[in-house]
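The structure appears below as structure tokens.
Letters A, B, C, D and E mark the chains in the order given here, with residues in each chain numbered from 1 onward.
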Amino acid sequence: MFAEILQSLRDAFILIISFNKDIYEIIGLTLCVTAASIGISAFIGLASGVFIGSRSFRGKKLLTSVINTLMGLPPVVAGLVVYLFLSRKGPLGSLRLLFTPMAMVIAQVIIISPIITGLSMAAVKLRHEAVEETCRGLGIGRLKTFLMLAFECRYPLVSALLAGYGRAVSEVGAVMLVGGNIEHSTRVMTTAIVLETGKGEYGNAMALGLILLVLSFGINWIVQRFQEGI
Amino acid sequence: GNSANNTGTNPTTKPTTNPAPSAAENSSGSKLTVATTTSVRDSGLMAYLQPEFEKDTGIKLNIVAQGSGQAIRTGEDGNADVLLVHDKAAEEKFVSSGNGLKRIEVMYNYFVIVGPRNDPAGIKASGTLDAAKAFKMISDKKAPFISRGDKSGTNTKELNIWTSANITPSGDWYVSAGKGMGDVLTMASEKQAYTLTDKATYLSMKDKLDLQIVLENAQDLKNQYTIIAVNPANHKGINSEGAQKFIDWMTSEKGLKMIGEYGRDKYGENLFTVNFSGK
Amino acid sequence: MKLLLNGVAKNYGDRTVLKIDHMAFEEKKIYAVLGPNGSGKTTLLRLIAGIEKPDFGEILYNGRKAVLPGEIAYMPQKPYMFDVTVLSNVLLGMDKARDRQREAEEALEQVGMRGFMKTRARLLSGGESQRVALARTLVLRRKLVLLDEPASAADIYSTAQIEAYIRMSCARDGSTILFSSHSPSQALRIADEVVFLWDGRVVERGTPEKVLNSPRNVEVKNFLQNWRI
Amino acid sequence: MFAEILQSLRDAFILIISFNKDIYEIIGLTLCVTAASIGISAFIGLASGVFIGSRSFRGKKLLTSVINTLMGLPPVVAGLVVYLFLSRKGPLGSLRLLFTPMAMVIAQVIIISPIITGLSMAAVKLRHEAVEETCRGLGIGRLKTFLMLAFECRYPLVSALLAGYGRAVSEVGAVMLVGGNIEHSTRVMTTAIVLETGKGEYGNAMALGLILLVLSFGINWIVQRFQEGI
Amino acid sequence: MKLLLNGVAKNYGDRTVLKIDHMAFEEKKIYAVLGPNGSGKTTLLRLIAGIEKPDFGEILYNGRKAVLPGEIAYMPQKPYMFDVTVLSNVLLGMDKARDRQREAEEALEQVGMRGFMKTRARLLSGGESQRVALARTLVLRRKLVLLDEPASAADIYSTAQIEAYIRMSCARDGSTILFSSHSPSQALRIADEVVFLWDGRVVERGTPEKVLNSPRNVEVKNFLQNWRI
């Protein structure tokens, strides 16, 4: 077994330095899809999370439970819903988005946004009273108060984003379903890993997994440096 | 790397939204979405045919490999233009309900029964050429058997054999796994169990498996693959022209020859036998 | 600026922590809100600032029920320092249009914190951050200024500075200033009028001299015996 | 499409009230596996998260990046690693754990623990200084300080747990691989959903997804009530 | 209890905020740490409490370098109230073995907060929570007690109560108490000795009367002119 793991380390290394066009294509698409879905989800999730977390209103408890529930939305279910919408028979069928990267982004946004929202809501809970009292006392407008609160809670918020990123980059059920795992078109790291696993090519699968993890590590490292900077 | 066996196509790495798709799809140089079963992809056949097809026709293939049921569903929903599947009953329903145009048989191979090298049910030793008999031996011995249990073409075939053997498999020895072919083979190897598999997938994974073929070339194990064009009348924007070209190319002399030869250099035998009998 | 409280009451659970039947505050005056711990000083200021809503009654600013953000400045009892520099903290609530930088520096000068301009505000000591919070509030030059114990953590020199700054602000901006304090002496030094709260009720009101030297209320009288013992 | 969704709502309802034995078996196993993996991961994740988050030491940045990276560990990769260990030929093969619920729990713990750890680390960041100063000042021991810190940060920590729960209950790649999706033995909600999807039985898949979501909602609701209580 | 500081220095960035060459504190005495904002009072107490480590020098308790948890009690300048009841907050650091409940109630009585026993501590007003924090600290009856501005938010009556409680604790437990304050009068009232910090250095040390009425240091002299103006 350890031989197998060593072997896949070697394979991963060879894959990367061989400048295999396919693997770079897959990495490229993975990064594009993840970036797009994280970008959109970050906006939706942080905005709604900070907003809901810092406000009290009727039905907040229910809403919180719903959002927390959606943190556990099975990707396949999200994928199915998107599939039904984007399918030719579906209401958005005419957009011809099924089996395109765009569809994958949509599905991922549905999966990741609640995660970022839910975690952001909890993140601002510890500081929002103090920040809002002070901002209000200085006559600072709503939007700016909102931004200041996000800034003051940036550590847990960035962590929420990273959790969202982690889900986006490791998720496979939804992107498989609405992307179709089409070679040279919608194949990303995770679907490639599943493909290799299905073939019993565990070494290849591990190698791809390792590459993905190294990529993630790089991104995390950059984010952390950036976070320390501000 | 396995993902390297395909070159010369135009990679689309950027998210594209395909503006004005129907216009593009109806001319040549368009995109054709083929839904196939995973076994076709896993055998490597599609990756082998794709570059030649694209070169000859100028049509870009989008191959979506799914479970048989899901592939047919993708066709029903109009999300694929043409299907390449192997589940006769479901195919006939698909065509008779007006979702598909016509079943076109192109090739077949044989399912095989694989099992542990020590063959505890003694199938190999018995020399039988009847799958139902082999299944009976397995159930008599209560030797572990793994079923795909996913209503795929392979699974349907397996269930039919049980029926023809007059056995309702149940008990600890009969494991319904609900997974794809490759996974089930790995599982059978891991659990030292019997299973029914298409030969192509087995051969492509043979080296990693601690299994052997215990029964092959049984007449009741024939595995027919069919191409069906999706009925363009049911959905807007089906690339029926491309689907026809795909059918034409697959059943052309060149296509059939390529299919018939596939696997010979790698496994020393062909994985599929063509049996196209004219449209 | 005219501030009016009418039948205002605030409850927490079944306890009424503030109940003020009628009270008006006039322009260009400094009011000291005195009273023991828990008597409702912070609650009063927070209600006026609009941070909290009264359970009964109404608070009218120039006859309006809602206070506009540009009219009021409030310094909480535990001010929150934003995790930016001291200067940025002071600039935070200021109008873009004005000569912000200079005014902010001047305000910091008034509280003796100009030298800390570039320091990360969250690293300041208790008294330092309180002084920055005061500068941050008074620099806005609002017509109604609410200061909750603005000098409780300040040393005696800074306290004198702060008191001078408060008086100066009132004169310069013609604002109404309400501040809460535990120091009767401080009220004597800078307030025009004292409001004495006892268990959520206004029990004394008048010039600092009158209230502090000869209170009518017997509880206040007893309480003030602890003054300068 | 809406008809389809309505239909699957009906199906879900019928599935439940029909007292279909299979569905209750699957729900039961799902709950057991999730409970076990969440239980273990909560312990590992909260303990290490609160610990790491409240301490400063050399290499903390690196460790943080590694943990954040593992938040994005593709389930299939986690599954593969567990598979290789538990496989007949693997070092733990003699335990015969492969294709058992236990294997699924192990794989999920590997996936979920880093998520809970990473989120907990960020959660305690905003309060740990104040809490530790005060605890230290009162001579409170390490363990109790630790527990007090966790208590004071319970909102974001519970949220981290819920995020972990969400991942556990929706994850499919790893449990499929090491569990085998064996009927009456290792089939859980998500693998059942994938199975139905593979069959093209989208209605059934949606119905199962709905049941899973309702279950999750119930659990979230209870957790939230409980959280308010303390 | 013997507390000794030897060549202790603490830097933040390139600024030395505390530098004490040699200082000893004796048993059964109350020390007032005075000094302007930012002079290093909090830093000194945090160093002694072991919350922060000195960059140079050593702090010895009875000759040992490490303080044992059971020896010391420290009340921070901004005490954190745990989100439990007031009573639970007080019980928190107490020994299981002792008659905790009764002692906790007595301590709350001493600061006039017994009536709030069952209240959620985080809802208390500024002065109320400060008083609970003091009770929580003194109830432990440790041999070395460090109080960072224990009465800054307390009203004048509570301040008197608190001062009496501090004196009583010292006598009862034979403890060494260091408290920081901005009130020279408070130092006069309860301290046996005053340590006056100026910019991180001890510039005066002696009896309160001597230091406060006739300081040798000219800066301290000027500073004290703001006292009771």
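Criterion: a residue touches a chain if its C-beta (ideal position, glycine included) is under 8 Å from a C-beta of that chain, and two chains touch if they have at least 3 such contacts.
It should be emphasised that the depicted structure is a prediction, and the values quoted were computed from it without experimental measurement.
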Graph separation of chain D and chain E (steps between touching chains): 1
Most distant chain from chain D, judged by the mean position of its C-alpha atoms: C
Contact pairs, highest-scoring chain pair: A-D
Relative to chain A, chain with the most remote C-alpha centre: E
Whole-Å gap separating chain B and chain D, where each centre is the average of the chain's CA atoms: 35
Separation of mean Cα positions, chain E and chain C [Å, integer]: 27
Distance between chain centroids, defined by C-alpha means - chain A, chain D (Å): 17
Gap in Å, rounded to a whole number, between the CA centres of chain D and chain C: 50
Touching two or more other chains - residues of chain A: 87, 89, 197, 202
Where chain E touches two or more other chains, by residue: 78
Touching two or more other chains - residues of chain B: 180, 183
Chain pairs that touch, as defined at the top of this document: A-B, A-C, A-D, B-D, C-E, D-E
In the complex with chain B, residue positions of chain D that touch it: 87-88, 98-99, 176-177, 180-185, 187, 191-192, 194-195, 197-202
Contact set on chain A toward chain D in their complex: 1-2, 4-5, 61, 64-66, 68-77, 80-81, 83-85, 87, 89-91, 115, 118-119, 121-123, 125-127, 153, 155-156, 158-160, 162-163, 165-170, 172-173, 177, 189-190, 193-194, 197, 202, 205-206, 209-210, 212-213, 216-217, 220-221, 223-224
Residues on chain C engaged by chain A in the complex (per definition of touch): 46, 49-51, 69-76, 78-80, 82-83, 92-93, 136-137, 140, 142, 146
Residue numbers on chain B that touch chain D, as the complex places them: 66-74, 76, 149-152, 175-180, 183, 187, 190-191
For the chain A and chain B complex, residues of the former touching the latter: 11, 15, 18, 20-23, 25-26, 28-29, 32-33, 36, 87-89, 93-102, 105, 180-185, 187, 192, 196-202, 204
